[in-house]
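Have a look at this one.
As written, the chain order gives the labels A, B, C, D and E, with residue 1 at the start of each chain.
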Amino acid sequence: MFNLSPEEWIAVALSLRIAVVATIVSLPFGIAVAFLLARTDFWGKSLLDAIVHLPLVLPPVVTGYLLLITLGRRAPVGAFLADHFGIVFSFRWTGAVLACGVMAFPLLVRAIRLSIEAVDGKLEQAAATLGARPLLVFFSVTLPLTLPGIIAGMVLAFARALGEFGATITFVSNIPGETQTISAAIYTLTQVPGGDAAALKLVVIAVIISLAALMVSEWFARRAAIRLRGE
Amino acid sequence: QDKTITIFAAASMKNAVDDINAAYTKATGVKVVSSYAASSALAKQLEQGAPADVFASADLDWMDYGVQKKVIKEDTRVNLLGNRLVLIAPTDSKLTNVTIGQGFDLAKLAGDGRITTGDVQAVPVGKYAKAALEKLGAWQAAAPKFAMAESVRAALAFVARGEAVLGIVYETDAKVEPKVKIVGAFPQESYPPIVYPVGLTTTAKPEAAAYLNFLRSSAAKAIFEKYGFSFLIKPVS
Amino acid sequence: MLTVKVEKQLGQLALSVSFTSEGGVTALFGPSGTGKTSVINMIAGLIAPDRGRIALDDTVLFDGTARIDVPAWRRGIGIVFQESRLFPHFTVKHNLDYGRWMRGLKADPTAFAHVVELLDIGPLLARRPGKLSGGERQRVAFGRALLMRPRLLLLDEPLASLDATRKQEILPYLERLRDDARVPMIYVSHDPAEVKRIATRVVRLDAGKVVAEGGVELV
Amino acid sequence: MFNLSPEEWIAVALSLRIAVVATIVSLPFGIAVAFLLARTDFWGKSLLDAIVHLPLVLPPVVTGYLLLITLGRRAPVGAFLADHFGIVFSFRWTGAVLACGVMAFPLLVRAIRLSIEAVDGKLEQAAATLGARPLLVFFSVTLPLTLPGIIAGMVLAFARALGEFGATITFVSNIPGETQTISAAIYTLTQVPGGDAAALKLVVIAVIISLAALMVSEWFARRAAIRLRGE
Amino acid sequence: MLTVKVEKQLGQLALSVSFTSEGGVTALFGPSGTGKTSVINMIAGLIAPDRGRIALDDTVLFDGTARIDVPAWRRGIGIVFQESRLFPHFTVKHNLDYGRWMRGLKADPTAFAHVVELLDIGPLLARRPGKLSGGERQRVAFGRALLMRPRLLLLDEPLASLDATRKQEILPYLERLRDDARVPMIYVSHDPAEVKRIATRVVRLDAGKVVAEGGVELV
């Protein structure tokens, strides 16, 4: 069953790395955006909301193409990042992280936002009367009570990052060992007559990884739930 | 309604096939519906009983697959169109006329940049590119520099955006992208002929035969050639 | 000294309350739904009056015309809510310490031990609030407000769900707080005996208005 | 700007229909599965959870392919459904609905589940003491309190259904008027020389539709939030 | 007749309570954290005892050895919770009607009007519970339990946050409920005066055990 080629093992390892890094790196941004959308009102909020959802609404290859023309090495933003911060995405695994992060972002934000909206404002008021400034209220009360949403969002983001290939392959192509993820490998195999059996092996591996991720997340979610019920 | 003909065609043929359909409808009053997707997806759909009358594949493999699965009438199959493989670079590249022949050093041309083409296992243009480079003895050295795209269009975009310094694409695509230039053509004998076969499905309506004939006509030839394809057969009249 | 002069439309109820308190314990007394909790929330900075002015000693906390509205977290006013509002994700101990942390105060083990003993919540310290009994929760909330060292303490029926014995233990403590530590308090209660014992002044509300103001004889 | 071809308008209308129907039809299943995952414990729960997430983890074309070989008209299940119930998915817009529904399902379930988990069990207890049997508790208390999650889930599902093309195009192909959605049309246009301008027009339309959907959903969500805070 | 004999480990507290009540009002009396609410929850079927037996008249509601555990919704027992637990998404009116609907009872406008008047919640009927005052909420919760027409009423400090006047109006109603409608009640309260007035029998708890059982002189 698991007699994968070395190249396939590399793709598996790379996928894991990309999905984990994409999930973790996008988390703080996801929390910040979710907070803005859930708790503040500002001009252009609908716009922000729409931009966040965009990667869901557009075909992934279009998202990948948009990333390419904004963050590619000759694109204005991409060139700026490369020159001033040495951040280069194109044809690097970091670009795959970015693409997966962008694709997973709406899922992350929605889940966290839903949980923030469910936090009882009365507890935040209580925290304020005890002297906690807004930022401290957020970190000591709101955020911990948002944990179920954060876990749910991370699971969705991780899963989406594993399954993503349309945006990734369009943005950073398919370079074995650098940007070739399981999904890209599976896709490639389905394009070859007779590649189904090999694709199936990789599908099984993707399923196993996600099953493991789900079980870990359920465990955390259960602990968080108990904690948040105050037990 | 019943006479409507359905063609499943590789996505890269959309422009030309759309025009041909319009012309055909105008000439005969028969409506043609086309579904464009990857040849692989279309072939598998035919295998599952998709209601198509005509299949136009972007490569021989998936047409062979259809024949083998008995969803294509083998005797109607024609290798209709051809294309050429070219080496491209961004317009502002210093590279110009590259002679592509035995012993040409693609890796050196790329320097520390990337070379792009379609996936060499899966996407037809990639398969042709790899075959050509192997034949010319350039593959070994250049392989590590390859960034493989999901389609020829994506490869073209990489070069147009300057992400990749070189790309191997079809001439048809290269010609319409202003941000790239063709720096060399691969010798025809270095790769298997690039062929777009067409054929009727085993469930095709009788009316489809006339449409297939139209695809082989000189009117169709003109349209295909307008989009840069080479017409591989003698047009029927 | 606390001066309160506030107006606010609460649904049907036009709240319009003004009173002053010269330290000590001011009892807010009146039937259910007359606006006691709302007044307390305005003093704490949790809801904004439509019009009016609230000042504590020489700080203006709220002034409608001058557009002053000091945020709740900078008012330094402790509050025991009618419903306890404990943080479910913290242990009882952390709930008690929360105000001190947030205000950046040094730990004061003596005060802590004293409050814990007074409220008899020692055995609860390591627990989280989820499964506490009603009275236990109220005692913890009480302790949390006391331990933040407030300059004014707002108590919304703090002893309502405690048994008589416990009340008799806590009332003297509040008296000491009032007389020795001189922490001013606003005290909402429906129990005349309690009010008589602790209040230095009574403000009687009805239907959103002050109907009487004076000594404990008003109860 | 909006001088689309009739074929493109048809794709827009079809996309809307498919996304709306997919969202609505999958809603009851989403609620049921979310309830099972949130509130019950049974053997095989992890498996159900994993299956629900599968369309997120696998490349969409693989999901489409799996649908094709199970529900195609020559596939066992597909043939059974066609013969016994007259339900045919293959190469019909109903198949696109199915594909989009399947792809969106994990998003729908997660959002609803998160909200169900946030419902205060004490209210459900109170309902029981008032004589409500479990099913009535669910419909009168749990479900209304889950509304924010249902709305959020529907938004995600709708957006995903709009953006989906990998699974759809693989399962039911790309037949104008029957299965060609905006996304499939965009994808096709990106595959031909000179198609970018036309693709961009469709991208803008997709963005406008999703923006409208977002604004409608925000309006509902705001009302629901007020209601659930009991105001 | 209600017989209760239950044991349950609640964290540190080993609850072991047994008493019977021959109709009338049985007061559960005792300090905070002794298990009063827990006993009420067991009678209502919201938490299961570890061991024991609960029977009401001739129905066994719970029997640990016989593995009987009638679900809460079939017990027909009304309960006023220590925290009101109103349904936030229903208006006050719908909250009041909820029990009747769920039990499939016919509307009884006289009873409804009577309870509404008694509790003075007429002006609140169209509102949702979110912004009600503490006392208002408690009155609505009280009404909700009364209007489901329970065969047994469990009252967990139902009057705690009501003013004296309101209490004096509600107590006679409870007396009538006890004497005329003969609805048996279990009544938790910390107010000796209240208990003396309403209870026909007092069960005194301490640290999870019954320490005394008898008439109102126990208070």
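The rule we apply is simple: a residue touches a chain if its C-beta (ideal position, glycine included) is under 8 Å from a C-beta of that chain, and two chains touch if they have at least 3 such contacts.
Chain-to-protein mapping (UniProt): A, D = Molybdenum transport system permease; C, E = Molybdenum ABC transporter ATP-binding protein.
In this text, all values refer to a predicted model and were calculated from it rather than measured experimentally.
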item	value
Separation of chain D from chain B in steps, with touching chains one step apart	1
If a chain touches chain B and chain E alike, it appears here	D
Distance-maximising chain from chain D - centres being C-alpha averages	C
Furthest chain, CA centroid comparison against chain E	B
Inter-centroid spacing, chain C versus chain B (mean Cα positions, whole Å)	79
Where chain A and chain B are represented by their mean Cα positions, the distance between them in whole Å	35
Gap in Å, rounded to a whole number, between the CA centres of chain D and chain C	50
Rounded Å distance between chain A and chain D, as computed from the means of their C-alpha atoms	20
In chain E, residues with contacts to at least two other chains	83, 131
In chain D, residues with contacts to at least two other chains	61, 65, 184, 187, 190
Residue numbers of chain B (touch at least two other chains)	none
Every chain pair in contact, whichever chains are involved	A-B, A-C, A-D, B-D, C-E, D-E
Chain E residues touching chain C - in the complex, by the definition given at the top	10-12, 30-33, 36-38, 82-83, 123, 127, 131-136, 138-139, 156-157, 160-167, 190, 192
Chain D partner contacts - residues on chain A that touch it in the complex	46, 49-50, 53-62, 65, 106-107, 110-111, 113-115, 117-118, 148-149, 152, 155-156, 159-160, 162-166, 183-184, 186-187, 190, 199, 203, 206-207, 209-211, 214-215, 218, 225
Complex contact set, residues of chain D against chain E	122-123, 125-134, 136-137, 140-141, 144-145, 227-231
Contact footprint of chain A on chain C as seen in their complex	44-46, 71-79, 81, 83, 85-89, 98-99, 102-103, 128-131, 144-145, 148
Interfacial residue positions of chain B with respect to chain D in the complex	6, 8, 11-15, 33-37, 41-42, 44-45, 47-51, 151, 153, 172-173, 175-177, 227
